[in-house]
Amino acid sequence: MLAVPMLEQTVQIVSNERDTDSYFRLVLRAPQIAALIQPGQFAHVRVAPLKDALLRRPFSIFQVSGDTFSILYKTVGQGTDALARMGAGGEVSVIAPLGHGFTAPQRGGETPLLVAGGYGMAAMYLLAQRSPQKGIVFVGGRKRVDILCEKEFKALGWDVRVTTEDGSHGEKGLVTKPLLAELRSRRSNEAQTEKLEIGNRKSEISQSLLTPAATRQKVRIYACGPTPMLKAVGKIAGDFNVPAELSMDEHMCCGVGVCLTCVIPVQTGDGWEYQRTCTEGPVFDARNIVWETMK
Amino acid sequence: MNLSVQIGKLKLQNPVMVASGTFGYGVEYAQLLDLNQLGAVVVKGIRLDPVRGNATPRTVEVASGLINAIGLQGPGVDGFIRKYWPFLKTLKVPTIINLWGTTVEEYAEVARRFDALGGVGALELNVSCPNIKKGGAQFGTDLKLLAQVVADCRKVTKLPLITKMSPNVASIAPFARAAEDAGSDALSIMNSYPAMAIDIETRKPKLANVTGGLTGPCIKPIAIKLVWEAAKAVKIPIIGMGGIQNAADAIEFMVAGAAAVAVGTANFYEPQTPLQVIAGIREFMEKHGLKDVDEITGSVAVKK
Amino acid sequence: MNLSVQIGKLKLQNPVMVASGTFGYGVEYAQLLDLNQLGAVVVKGIRLDPVRGNATPRTVEVASGLINAIGLQGPGVDGFIRKYWPFLKTLKVPTIINLWGTTVEEYAEVARRFDALGGVGALELNVSCPNIKKGGAQFGTDLKLLAQVVADCRKVTKLPLITKMSPNVASIAPFARAAEDAGSDALSIMNSYPAMAIDIETRKPKLANVTGGLTGPCIKPIAIKLVWEAAKAVKIPIIGMGGIQNAADAIEFMVAGAAAVAVGTANFYEPQTPLQVIAGIREFMEKHGLKDVDEITGSVAVKK
Amino acid sequence: MLAVPMLEQTVQIVSNERDTDSYFRLVLRAPQIAALIQPGQFAHVRVAPLKDALLRRPFSIFQVSGDTFSILYKTVGQGTDALARMGAGGEVSVIAPLGHGFTAPQRGGETPLLVAGGYGMAAMYLLAQRSPQKGIVFVGGRKRVDILCEKEFKALGWDVRVTTEDGSHGEKGLVTKPLLAELRSRRSNEAQTEKLEIGNRKSEISQSLLTPAATRQKVRIYACGPTPMLKAVGKIAGDFNVPAELSMDEHMCCGVGVCLTCVIPVQTGDGWEYQRTCTEGPVFDARNIVWETMK
């Protein structure tokens, strides 16, 4: 039960600068925390200058570098607004790292397909950086300014596919559009391969390709973004029988599993139960989420 | 300097507990603070069977507070004993079980089960949760039902019984006396206050349960008054809670009449609060030359 | 765009009033804002004779709120008519008289006097002040007394009667219905909530009156819930109040069921609040394409 | 009833600097307000960065210079602490000028005796500056750092008499000590003059000196400081039958007369009534304050 090692510390702001538009990057000096972080985990941040709002705010851990870690956040309300006004040298209290992150991609394992909407990109960087295999990043947003870290992912050598709803950057449409296209093309390639191989003598490798399981093993989806996007990705993954890990964005209160605010319905043997996004999650296996019970 | 306090036959090393539902089952915070420094660990409300709880959203932040409608999600008695008791029983400080039921019989049955378990510090009867349709506040806002729940639990256990009071009554004194008369060893004051918030853009209540319970610093002045009034009405010790953020808040509850206190919502944003409160009470006693923490209790200077 | 609302036979140009006791007699704020922009001016509670009020300290600041125990200091009916009425009667917006008594007869007599005065917009019966020994909340927390006060005032005046409700009851619905049944034209919800604060260094209550009434943003979630519950229980309009700081807060009250609102404690720190609220309601209506402000009232999306 | 013209404005901080120890001077650019200020009035200041505390804080108006006015404040709690952290260029909302100030000293009228404790000095400066007559300032404090504006008053040409409780500056003792001494010496001088003149032929001027009224008219006390000090000064003024104007320091809420928080008991024809420090005051005639009824 003491699965995830976490620390509560008051740490120094190294920098807090605007990225694009309403997005900021906050770098914190926190050597002990930085050393513990796994991709997909989050930090629970107390923004001291908040007036009558008491709760911490959860943010995915974006990058880890030496004795620092950073978050990439969008100003959407009083907490993030107040945070954006803080400067280098200031202090914030953080509880981190928290939650169960993504399954690490394995060398020679499934090809990672990352799907991110808006600040969902923040949850993905460490995964990509630490992955022994390069994959594809599907990144979507409403408009050009919502497309974050394109450069960073390209610098890692990943294939970045951009979509915007207004078409101001990359392909016009939702992020699921190129994802679907990619999965379809992979399926038809496989089907092609299958047909070819069925026509010829079957090798052991081609044998495994015949089974649906094989199709599944070839790629693994990792997604983070708004819930409707995650739901769509989950559905696509189901349709294609591809494993998908979704990092869920639920309102949180304690962040450590005591208050039971952040629950989502998760399938269990005979039914479903509410599990905590902050503790059992934020990353859940898409197949286990009972979407019908969520609003 | 004596910080220990007595809750029925249970002795606590200091008067600072954590409030039920704000500290899980202890284990979740074990990495962030030394649980053995606390007065007691009070666990999330438990009934006989597992409870799924309410739909989400379950909490919403408001001015200097929080509204919650968790709906008492929990593993039930057996689930608790299997999952959490092995850890809790290793603690050097007592575990207090917050329990509830949908009938008087269920309260008594849960009490009996925890009595039989052995090693439990005390039982806190949650007759005041505003977020469930059956059970909870239904019992704490009806004098007869309240007396019956307490009396029936009293019959099945010698463990100290703490009654967790609802603030949602016209006057707390008769309820405090009813719990005392029915055999309660102590009172916890207060549970959350019924409240509501609405999203004006969507016109939807901000909680799936529509209404919830208000907690945090915003309710402290209400809780202080209730503790003060109850302390005048009963002889049994009172555990004060409602918005405690620091030692000064805790001491204010004690001056008003509380023998002990519990830190609730503050755990969510500052998990060190209970330990800071203990340290601060010590400092206050030093500064004021107090030998025993009970010198603070009920010391409010009000002309009678 | 229609912002006007109807409180009994009184038509207000917009739904935004100021809460009794937080706006003096209007004249004090006349330099800082144009009173004629308001829905109505509601004056400080008045009884028959002058009232000295409680000893000091009379207010104390708490988390997101204020506790007050003014004790209804006032000039009495004659003093009010002499000192403040000449100014108030020049206003283009109605004056609502908040009145009280220590007996049912006194309530009725004060009502009669203001009826006779002529030019008064409405009478608000303060049966809910927690800060006086006789009168006030004593009447608002007793169903029979409440009905009697309202009925007896009803007999002596045709002016719209607004009953100012106490939140300190186990359930507001029966009280709301009692006021409605006895002839009240509207309800004001809510008055301050009984509360207390203690100075831990001196051990003295922070208010000379020991206890007081809690107001300000901290009570908003409680007030919203009470308005929502009362709106389900009665047909008469509700004036919502408790912690309104901006238009969003006011709209939240209206969505919950209020036909109008009053700004209270916020006047003390931001006297422009009522005007900002009016402007903000207008903007909200534009944004949401609403033609009449009453489309907001009771629009909360709760499945029945 | 609309006696005092007041404005509510959001104004800019010109400077906010430490004076001594825990005292700060805040200069605000507020031309319209500055033009209205009378000695002894106050400003009601909203300190925006305060967290869950809502109320404005009242401060005497210290100096007026061109289009600015200033306050001199001591950090004693959350509001003043937060204020002290604000910097030039920042903004505060003020309602000012408020309250009824001191009676202006008249040329050839009573000699003004100013009595101040701690930040009470702040309320006195404008009075001294605008007085056509120079007088004496009795200033007291616990220790050296509590003695404010000594230089400023000296620069105005006033006689400054310092006392500290610990003797670290000026005379050791309470501020009432030199005040009493001064009043005693004036009385005995007058008695002397009287005796002399009674022995000789009386001039018209000496005639007026014979009456108690004459004694009273010679000095007028103006005082601001902690309530116990004001009470002591009031008593002394009564004993010597000297007029005294006391600026009372009561907790305030609205600052404009609507909430009835700030009342003190004031003698009326047949009894007493509560009057508002923010409106009828902060300056009251010492003779009218019913000390017995105050705590």
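Points worth noting:
Order of writing sets the chain letters: A, B, C and D. Residues in each chain are counted from 1.
Heads up, the rule we're going with is that a contact is a pair of C-beta atoms (placed from the backbone, for glycine too) under 8 Å apart; a residue touches a chain by one contact, two chains touch by 3 or more.
Please read these numbers as outputs of a predicted model, since none were measured by experiment.
For chain pairs A-D and A-B, the one joined by more C-beta pairs in contact is A-B. The distance from the centre of chain B to the centre of chain C, with each centre set as the mean of the Cα atoms, comes to 34 Å. Remark: chain A and chain D have CA centroids separated by 63 Å (rounded to whole angstrom).
Centre-to-centre spacing of chain A and chain B amounts to 38 Å, using the average Cα coordinate of each chain. In whole angstrom, the spacing between the mean C-alpha positions of chain B and chain D is 50. Touching two or more other chains at once are residues 63-65, 217 of chain B. Residue positions 52 of chain D each touch two or more of the other chains. Contact topology of the protein chains: fully connected, every pair of chains touching.
If you check the complex, the residues on chain A that touch chain D are 49-52.
Touching chain C in their complex are the following residues of chain A: 52.
Only residues 62-65, 67, 141, 168-170, 193-198, 200, 202-205, 210-211, 214, 217-222, 224-225, 228, 243, 248, 251-252, 255-256, 284, 299-302 of chain C touch chain B when the two sit together in their complex.
Of all the residues in chain C, the ones that touch chain D in their complex are 21-24, 27-32, 44, 50, 52-53, 55-59, 61, 63-66, 68, 70, 73, 83, 87, 208, 216-217, 265-272. Of all the residues in chain A, the ones that touch chain B in their complex are 1-2, 5-8, 46, 52-56, 93, 95, 250-251, 253-254, 256-264, 273-274, 279, 293-295.
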